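Before we start, here is the structure in question, set down as structure tokens.
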Amino acid sequence: MLRAAIVGASGYTGGELARLLCIHPSVTITAATSRQYDGKPLARIFPHLRDRTDLTCRNLGVDEIIDLADLIFCAVPHKTAMDVVPSFLKAGKKVVDLSADFRIKDVTVYEQWYQPHSAADLVEEAVYGLPEIFREEIRTARLVANPGCYPTSITLGLAPLMKSGLIDPATIIIDSKSGTSGAGRAAQVGTLFCEVTDGFRPYKVGGVHRHIPEIEQNLSALAGEPITVSFTPHLLPISRGILTTIYTDLKGQAGLAEIYALYEQMFGEELFVRLLEPGSLPATQHVRGSNYCDISLNLDERTGRLIIVSAIDNIVKGASGQAVQNMNLMCGFDEDAGLLQAPLFP
Amino acid sequence: MLRAAIVGASGYTGGELARLLCIHPSVTITAATSRQYDGKPLARIFPHLRDRTDLTCRNLGVDEIIDLADLIFCAVPHKTAMDVVPSFLKAGKKVVDLSADFRIKDVTVYEQWYQPHSAADLVEEAVYGLPEIFREEIRTARLVANPGCYPTSITLGLAPLMKSGLIDPATIIIDSKSGTSGAGRAAQVGTLFCEVTDGFRPYKVGGVHRHIPEIEQNLSALAGEPITVSFTPHLLPISRGILTTIYTDLKGQAGLAEIYALYEQMFGEELFVRLLEPGSLPATQHVRGSNYCDISLNLDERTGRLIIVSAIDNIVKGASGQAVQNMNLMCGFDEDAGLLQAPLFP
Amino acid sequence: MLRAAIVGASGYTGGELARLLCIHPSVTITAATSRQYDGKPLARIFPHLRDRTDLTCRNLGVDEIIDLADLIFCAVPHKTAMDVVPSFLKAGKKVVDLSADFRIKDVTVYEQWYQPHSAADLVEEAVYGLPEIFREEIRTARLVANPGCYPTSITLGLAPLMKSGLIDPATIIIDSKSGTSGAGRAAQVGTLFCEVTDGFRPYKVGGVHRHIPEIEQNLSALAGEPITVSFTPHLLPISRGILTTIYTDLKGQAGLAEIYALYEQMFGEELFVRLLEPGSLPATQHVRGSNYCDISLNLDERTGRLIIVSAIDNIVKGASGQAVQNMNLMCGFDEDAGLLQAPLFP
Amino acid sequence: MLRAAIVGASGYTGGELARLLCIHPSVTITAATSRQYDGKPLARIFPHLRDRTDLTCRNLGVDEIIDLADLIFCAVPHKTAMDVVPSFLKAGKKVVDLSADFRIKDVTVYEQWYQPHSAADLVEEAVYGLPEIFREEIRTARLVANPGCYPTSITLGLAPLMKSGLIDPATIIIDSKSGTSGAGRAAQVGTLFCEVTDGFRPYKVGGVHRHIPEIEQNLSALAGEPITVSFTPHLLPISRGILTTIYTDLKGQAGLAEIYALYEQMFGEELFVRLLEPGSLPATQHVRGSNYCDISLNLDERTGRLIIVSAIDNIVKGASGQAVQNMNLMCGFDEDAGLLQAPLFP
């Protein structure tokens, strides 16, 4: 059994890692760290995990974590991650980092959107953990930078098109809607139940959300040229789920059949991408609790625009599930080990 | 007191008309019709209206309605409306029609998106009931075509810009999200609680929603040239509210100040449009239950796009509240009579 | 116009007072205090109130408040209220206190459930602000102790029976369910959206909720003998609303008709109590946003138990609406002034 | 692999059976019947099951089902079940019936609450499928009557006490709250999203819900004497979950420790009952999607009452999960096969 540690176990992504790993056939969780809940059983912080784990959260130092685990999930905020990841790697551990710290290849860009980077020498080595695109690199990686939730839903939605010449990349407009768990478990007025329920709102409008450089890095790499996009996030009164609606102008005479063929080619064998039949549309409630990304392709003949809709569970495929998928690849397990549950509906 | 009839009182817009009119200082509801609930007190169909109305729903014929009322709200589906409106007008009644039947000026376009029109001769006379644009025409109208919910949120969001030359109208992309009350009170699986809650999905993607010709008619009239837009509606797990996110490319060097000035000029004196200060964003929960349309202007300097966000309560400003506002204008009442309640939050 | 101050304007009850008072025909809000949001417009803290109030929250001292207002609503937590109320009264102001500080007549009991009382001399004078029971006393009161939300729903539900001899008061069991706004607007993990939505739970089970002494004081006073009850509160995934289900054994042969007669007698003329016809049941969504208390009486013939169900909006009849009703009585306004809106449904 | 059929696959319990069985290590679903959706892939009716099942729903006759399956889940309404179950048994099949038809041992009682019984001869043989109580009988049963959702939450909550002499059974009052999925997937106004969301209401108050005879049968059997209870169901604005609050008077001097011992004794080894530590309270969101029943024991020392709170997912432990658990016992599989997922939170 692989010994896995969850660093930062008391947040929603930490709890979700525990939920997924506790039924993983080849993994045992050997450490769950939390500064705030030191000494408290994980199943008290997350009562849904009663009887599924008897781990106690501890405020462990880096050396203690290294002693306890072979692979380490970092589920702490950016900045905190870069402080501990180098030590884990030096000790020969494998790391899946769920923060943003090792996602952006251009450290200057990272520092412009986040803050100074203290482990810049590791950025190049880090593999961006989107298995549908970087599967082979992930298999041999020591450090995987697990993608952001919005970037996952967007990159999968657009990947097959970026090199195709069928669209005009300058026209890409991305309108995303996320469940509230994406805001984390910290106490704040803006995500109180009464502020969010029975309501809907955008936030960080006008090209200022920190996921933008990550989105553009992915799309640019796929296209082989610099891509700039409009991206607007919104807050949904649901716990889990991101639905992204992407607009782009078509170039030339490509029809839906040709576009479908590209997606079939890239995703036909993928375990966790479900390309919907023409006329079908995704819904967050149909991927809830699962590692699926559902994608739908739609042509607006009146305007010559392609409308792509993708849906994921932001805590699973958008965070902890994808992290487990990456661990599976890094450790030679079946890629879907621990990820086989069907979505929960209703 | 003006005697008002609600034709089709058992749907959500009918119930909302009753909620608003029961505190209107100059109106008394004298008839509420319903085929399905003939003989049932309105306060049994809508128990929130207990003690506020003692009306009984009746399956009244056109002549009976004419006898009972001076002004008639038609809250029945399209097609049904065009069957009764001509008789009401012939009898000298004023009519506010909440259906789509008299909104589209080009009957050919109407018939292409809906079905054959049996009262085409009245279309020209009908005034499109968006007071912020057609206030003077509404004052003297016999027949007001009350706007659709999506078109209201979109037209108000874009109106000040359409003739300005500051945007490229060919780039307008509209991503709308609506509460479930917009789907009406008919029993259907797709709007059951368990199908909608904790979820989110688009519908009618690809330029096929029936509000498109209405949206384009409004924008074209404002611009003085034919406008074609992309419009994608989504279903929110909330009862009330539409939030619309509009993207359009800027032309030339216009800055946000110049754009704000246009909106101030058009909406500065409006009672029901709240132009948000720069950096503020609307939320459906902040207009809930009210006749307000909140509008926010945002510039994405990275892409040169303007992002306009508007929010309304789809049953109030998007239907029954706007209908009352129109009635107020048609009857010489204060424009905000009966519409003074502040939004309900939380 | 009466000049009214809201002390503690940034919480949900403070915001609701502003919502209600801004359409009150005889009141103008002259002060809104907040330590945390000093200098911030009230409409920024509560964006739904944009254009309805131009008040700025200020961290005012007691003397400044006294200068500005004739009647003062205290919407601050217990303990804080008792620190300021004596000065307001000494200055000749009328006070409606929404905290628990002046509700419990027996100071020993108060101190047992809360903390030491620093203004015990005012407790006797304070009138318990349940107009349906203490209307005449309220009219002449200087200090009204506005009832708690649970006690309001329970006391109105049981009042007509307590002296009737028709029930066995030792068997009263009260199972209440409250919307999350009752927990206030403070940032805490337990009331985050993701913790509450799509879920349901009890809290403070086993006779430990602080509203118990208030409930028992009310019922004992009505019965003329000491009453002890079981009370269990639960947290609903809704913003507003309390629904209380009360069980009690019937004594003797009383039937539903006899019981209805008692309720008709007490509540027949009440503006804000709606006694539902036999077979009808209340729902929180049918009182949402209104000052109504809906009450339903049900007999379980198999067990000889009476089941009373009552529903209120916890922020309106359970707090701010009742406070306005009390102010109306204290100031000689119409009792329903500012409270005429119908509930908001859906 | 066991061949299993789902008769009535298009309802929520049918869909949940498919969700659970598609990851069961020893079962393959060979038939899914639906009259309404004949010819439609199950994954179109339940899009969350895309890629997890390629079954097509068919309107199969009894003989066709018999040919296809070794064990049959009947997920059709009562009355329909009794029409088909006898043929399945005659053909040597095992049956888990999720309807009420074979739960009530006294046919007279059944016919009083439901309708005439056409397969009364099978009632005696049917085993009531609550494994925590009838495990051994279930192992050898041909026909298991899967319990109702409310009765499951109530019977497990009270079972250890019924023979103990520690409570007065005449004082049992049961206040249950259920998610809306319990109302099924049929189109009806009362369970539309807008009718349910942001609201709460009781229904069937006064001892008239059909689960009452089932509850009383279970409790009476456990107690060895006839038990009559008060039972009030309520509708929660959540999809999944039942939380039941049970009140009963204690007799004698029993303390919480003594009561806990009884529960430990009965449930200590149970896989799917989680007895919460003193002071902890259940929540529906902590059992969501799982087969757990969480139970909490609380003493109200002021009134001498015991308050038991239990929580289940009504579609899992309250229906399809318990059906799978029963199948596991009937077929000699591990009792938790296919039921190992942790609850989904948030």
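Lettered A, B, C and D in written order, each chain numbered from 1.
Heads up, the rule we're going with is that contacts are C-beta pairs under 8 Å (C-beta built on N, C-alpha and C of every residue); 3 or more make two chains touch, one makes a residue touch a chain.
Because the structure is a prediction, the values reported are computed rather than measured.
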| item | value |
| --- | --- |
| Chains contacting each of subunit A and subunit B, listed by label | C, D |
| Pair joined by more contacting C-beta pairs (C-D or B-C) | C-D |
| Whole-Å gap between the CA centroids of subunit A and subunit C | 45 |
| Separation of mean Cα positions, subunit C and subunit B [Å, integer] | 36 |
| Subunit C and subunit D: spacing of chain centres that average the CA atoms, whole Å | 39 |
| Sequence positions of subunit D contacting 2 or more other chains | 12, 181, 194-195, 197-198, 237-240, 283, 285-286, 288, 346 |
| Subunit B - residues contacting subunit D, complex | 12, 180-181, 185-189, 191-198, 237-239 |
| Residues on subunit A engaged by subunit B in the complex (per definition of touch) | 171, 173, 175, 177, 194-195, 197-203, 205-207, 212, 228-230, 232, 234, 236-241, 243, 245, 247, 281-286, 288, 296, 298-303, 305, 307, 309, 311, 346 |
| Partner subunit A, residues of subunit D touching it in the complex | 12, 15, 19, 22-23, 46-52, 181, 197-198, 239-240, 274, 276, 280, 283, 285-290, 292, 294, 340-346 |
